[in-house]
Amino acid sequence: MNLSPSSPRWLYLAIQRRRNRGLNGLYLVVAAFLIVYAILFPGLLSIGGFSKFSQNWFPLALVTMAQALLMLNGGISLAIGPLVSLGAVVAAISMGGPAGAFGGFVAVVVAGLVIGALTGLIVAYMRLPAIIVTLAGSFIITGVALLLLPRPGGYIPDWLSQALAGHQPTAFALLVVILIAWKLFLATPTGIGLYAVGDNPVGAFRSGVPVERIRVVSFAISGLLTALAGLFVAAQTGSGDPVIGTSFTLNSMAGAVLGGVGFLGGKGTMRGAIAGSLLLSVMINVMFFLGFPPVAQYVAQGVIIVGAVAIPVFASRWRKA
Amino acid sequence: NAAATCIKGDRKAPYTVGWANIYSVPTWMKQTEGTIADEVATLKKQGLVKDLMITDAQGNAQTQIQQIQSMVDANIDAIIVEAGSSTALNRVIADACAKGIAVVNFDSLVDTDKLTAKINTDSNEWGGAAAKWLVAQLNGKGKIVVMNGPAGVSVSDDRRKGAQPVLAANPGIEVITETNTEYNVAPAQEAITSLLFAHPDIDGVLSLGGALSAGSVMAFDRQGRAQVPTTGENARQFLELWKAKKLKGWATMQPNWLGALSVYAAVKALQGQDVPAFIKVPLPVIDDTSIDSYLAKAKDFPADGYIYSPYDQALFDKLLAQH
Amino acid sequence: MDVTMPLVEARGVSKGFFGNPVLKAVDIALYPGRVHALLGENGAGKSTLINLLSGALRPDGGTILMDGRPVTKLTPQGARAAGVAVVQQELSLAAELSIAENIGLGATPRRFGLIDYRALRDRAAAVSALVGLTEPLDMPVGDLPLGRRQMVEIAKALFRRPRVLILDEPTSSLSAHEAGVLSGLVRTLAAGGVAVLYISHRLNEVQALCDHVTVLKDGMVTADRSLADVSAEGLVRLMVGRDPGDAFPAFAPATAGEELIRVDGFSAGAVRDVTFSARAGEIIGIGGLIGQGQEDFLLGLYGAIPATASKAEICGVGHLLASVAAATAAGLAYVPADRKKEGLVLTHAISANLLLPSLGRLMRRGLRDRTGEASLVADLARQFSIRGDTDRFVQALSGGNQQKVALAKWLPLAPRVLLLNDPTRGVDVGTKREIYLMLRAFADAGKLIVLLSSDTPELVHLCDRVVVFRQGRVVATLAHDKASEEAIVGAAMGLGIEGVAA
Amino acid sequence: MKAASITRILFRNPPLLTLALVALVWIVAGATLRGFGAVGHLRYILELSAIIGIVAAGQTLVILVGGIDLSVGAVITVTAILLPLISPDWDSTGIVGVVVTLAVAAVIGLGNGMGQVYLSVPAIIMTLAMATFLQGLLVLIAGGSAVSVTNEAVIWLGSARPFGVPASIVVWILVAVAVLIIIHRLPFGARLLALGANPLTARLSGVNVNRTTLAVYALAGLFSGVAGLLVLGMNRQGYVGIGDPYLMTSIAAVVLGGTSILGGRGSYAGTIPGAILLVTTTALITVVNASPGWRSIMFGSLILALLLISGREAQR
């Protein structure tokens, strides 16, 4: 009897392959939408068209990642939208200042990290439910954004707008970089600790995983991603707007759940979340090119979201039977 | 005869027109869409317009950027914009303009000038006129509450800014407090009710939006307080309450036909006519002398809608001719 | 006396929860190379003690010494650094992570700050081979059946190259074969100088494996001695403090009544084409290596997972039961193996758990009859000797008492068929005996009992017939007189011992 | 010693704690702010709380069963806009319109449940998609032909004060009693709690998961519908967006009342003071003269502070 377990030659790759399980349905749906979109709008395949498309998707992809990160370790944030707004506002008021664009970038990064970490500290150490802490946080952050910039405005250097949201696929390249960074993060002890904490906090604690620290770190990273989404939105629009991010809260949750990320923690993958956000984004374009009137847009959106979740379930049930 | 901004003269009728709406569900928008659809139907008959494409950004400025981008990608001829943010759309609108698309923006305006035309009443003037009327009603002395739209929105801010110099010039007028709510009846009613308990003496309500005024009037009524002079807009509910409660009222209007005018202006621009970069639509005033004429038409309008003044092509031509 | 120093020692440690003392001035010392048994009834405080030794909890009083030096504020990381590894009774695994990642969790090898997956693979493969874990290392743990997860948990402990290995009921969900592999492993480790603390309610295992025993009773140490000259009965006496009597009630062949279950060509989950029948008054054992479809068989009969059969008659219903509701209505009850995840609502009161299946039976004027319910709960608690306030959360009960709740809750429905999935898992000898007596009484009262068990002696001593599963099929049906441990294990391993068809 | 035991009792009993907080906020506000604490004001706050409380009744059930309902706001809006449209002229009492509208609301809720039961769509996605559907429905029906409410029953709900108690508060009391009975005195309530805490155990114990889920979401739809009628009665007019403010507030009221957001633990008894607390806080902020930014900050900080006191044990 051969007792030696099958140890795959490339353990990391084998694990990664397994994580695609259950997502193939979603991948197919997304691919179908992309193909339809490319047929309706062949310009998508040009550099300019692709750049514009990926720019519109990019901030949603970032906030979906931010939300999925929290949901994976058992949290959630209702302050995603306000924090996007705040990121945009901080960028727009600080880039015209003495420290310039770089100073503005640093300010956004610091704002995101600090607000995220503070939320994480409250949730992790005071053992308060994340959903309501971030609900309270959403009001506070909105208030701060309104104080900093009571009405849309501010200054973003044009070169930055051109660089990030011009006619080159910079946004897509950045997304790739962020995804690589995420993969690297997941390959650290903290990264897999994130899953363990979400799935089984007591077990993780007993295994020597620093549960509270990981919670705080994930809130901080999530805050950073969200604020960076705000920075990008500011660059894309050339300005700051204290309420621009509002709808990102629900959309980030929808993207993550659509991508198979569970609410109870530890279940789901970032690639699924990204695919979910891509579906939400490409759906808008496809519906436009199909000439849907508003009523149909609403109904189709509901059907697509439900369908993207239900069809894979049905397909697997059907296959089994 | 110089062409309007953005227009390159390479687009031939019939045109495809896109309406990039920020949110199509509210009644004001629904009514506005009606005037746009009517105008498009008229222009279709004249062989000028081929198609109307409507997008609904569901209140999300980010989505609106994406939808306008799609309109640019689809290379339609004209884009009518109701903006979800005064700044967010600047770059995508400039892109559209660079492609020779006629971009006309109405009601909620963007900051950029890289578009064919902006059409609106003057929000500053709106606030100023309302404040002037209220000050006159109170003889320059009294405690008032100011009701604003949502925080962080330019229209609300502009109206408030317009009122400021008038209030500043009348030190006898004391602003007890201000509210910021969605332009809706229920939250306005709630806010004013709370204020009524806290302040036994409110002499006037400077409401800078129609549904807000209706909420305020109802709050006074439900708490059994005597009505005070109240400003507002042509919301049917406010006008009806004004009449029913016999209050001292004043209203102006943001006509829904700004939408129709935008389509008309875009088509004219595409045809080569020089359309002014800013088309200022005069603010009609509704007061005790004219309210009956508006209420007479009430049943043609939805209960939660706005009773707008009549319009026709002659009016549009006159507005387009101004410089 | 031994000249070597204990690697880990607790001196006079005490611990209480919400003012209830659980451990009172307990001493224990773990020496290298010695397999040390920790025995005690359910709720005696065994798990609590090892939580103190491994830093998961802090003692209220007393000291813990590592290598002879007292440590204050022991944390899980600190204990790990000192070489203490624990196989928890509650699994500490994360379902979505792979076997390898779980094994390495909290102690992963790193390179440049990243997990070194190559080293992780090699080391995880090595420990997996030791415990006999053959599944691919990249498989998510959530895909494994309970027993296999237990193996991962053990591999995880070994991965830390422990000097002190603490095993809290490691075999409770393992079959005789896997338990044998583990015993060999423990012996090898001890021979290599590892100090082992072994907790188990299977006294024959303890007898065979351990050198030394500490017995806890009501939070105090009642015995601390070598096992060299202790017999099996002596061990039981040590533990319960009185003469134990026979472990199993006397076997009485069933006076088989009406046929309650009859399925032909039954398939469900991993079960393929099984023919099975059973009559009122019988106790039918279900055995085999873990994860061979036994559980799916019970779940399929219970209507909890989709099942098919060419012919079926269950409790007078002429077809398979389509849902749990239909099954309970027909008179079936199912007691799951994983009581925490499937059998109980841990965050609810004992009373709420006891009432859950029979809700709606005690009503007055359209509302729940509070007094009736209270007396029902009191009756059940008395009948199963569940002591204390029934408004406490089930969570606060020890494992054995939780098991009683999971079983007791079905009684008000007066089921005719009891489908039991490892009902004595983690239950102490005393309680086990109570449960056996109960099962005997149920059978005598004309109920049919289908007893799936990983504890082979149970199958041997209690059952009229033992049905052995292998790869989803029935490979043997052994009548009581043919059902020896060897026969069952042999059939389970596929060694071709011919069974007698029922 | 005595004080210590009182605090212990409070901390063990989230509903009581939340109630104590309400009382505290009221006493402090009444002493420092003019108008606060007057009987009329209290009554008005309760009237507003009634609406949140009734929406949160459904939300409590849904959260207890381990789900969440993001469509409550849309259901309120649809109800408020639909009622005037479908109230038949021949029924002078308005009862028919009310009954039909409530039936529609319950059916919408049932749809939420069906999506989860038959399509295996998670609650958050299903109810979010339902809210989107309803927006589409509103595009169709709103603005076109909406008329002021003439339905006598609804007007009565919005203005009547039997024995000096506003009708909406009476309705709330009825709903509260019904929900408390459902949760604590009916088998259904015990089943839904078990289902919320551990679906697997509940299913294996014979709880009909599908039927329970359907019933809970239908009830949530129904209660949102009732709230919609009250809102309509108070504003005399339905408009798009009228239900929006109630989505987050209903969730917040539930969580502030000590119900676990993870399901299976909690009671409507906590949601009641939770709703009052939220309305009180909003009213307090309205009266304070500050810039919108500061108001928002104050509101958020107050919620956070209340949570620090009351929500301690809400998790785990």
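First chain written, first letter: the chains are A, B, C and D, and each begins at residue 1.
Heads up, the rule we're going with is that contacts are C-beta pairs under 8 Å (C-beta built on N, C-alpha and C of every residue); 3 or more make two chains touch, one makes a residue touch a chain.
Note that the coordinates shown come from a computational prediction; the quantities given were computed from them, not determined experimentally.
For subunit D, the chain whose average C-alpha position is most distant is C. In terms of C-beta pairs in contact, the better-connected of the chain pairs C-D and B-D is B-D. Mean C-alpha position of subunit C lies 44 Å from that of subunit D. For this pair, subunit B with subunit D, the centres built from the Cα atoms lie 33 Å apart. Taking each chain's centre as the mean of its C-alpha atoms, subunit A lies 35 Å from subunit B. Centre-to-centre, using mean CA coordinates, subunit B is 71 Å away from subunit C.
The residues of subunit B that reach two or more other chains are 24, 56, 58, 151-152, listed in rising order. Residues of subunit A in contact with at least two other chains: 145-146, 150, 294, 297-298. Every pair of chains meeting the contact definition is listed here: A-B, A-C, A-D, B-D, C-D. Subunit B contributes residues 24-27, 29-31, 56, 58, 148, 151-152, 176-180, 182, 184-187, 189-191, 193-200, 211, 214-215, 218, 222-223, 237, 240, 302-305 to its touches with subunit D in the complex.
By the touch rule above, subunit C contacts subunit A in their complex via residues 54, 56, 76-77, 80, 86, 88, 90-98, 100-102, 105-108, 110, 113-115, 117-118, 120-122, 124-125, 128-129, 132-140, 156, 306. Within the complex formed with subunit B, the subunit D residues making contact are 33-36, 38, 40-41, 44, 48, 84, 135, 138-139, 142-148, 159, 231, 234-242, 244-245, 282-283, 286-289, 292-293, 295-296.
Residues of subunit D touching subunit C in their complex: 181, 185-187, 190-191, 193-194, 197-198, 200-208, 264-265. Considering their complex, residues 2-8, 10-12, 14-15, 17-18, 184, 187-189, 191-193, 195-196, 198-200, 202-210, 266-268, 321 of subunit A touch subunit C.
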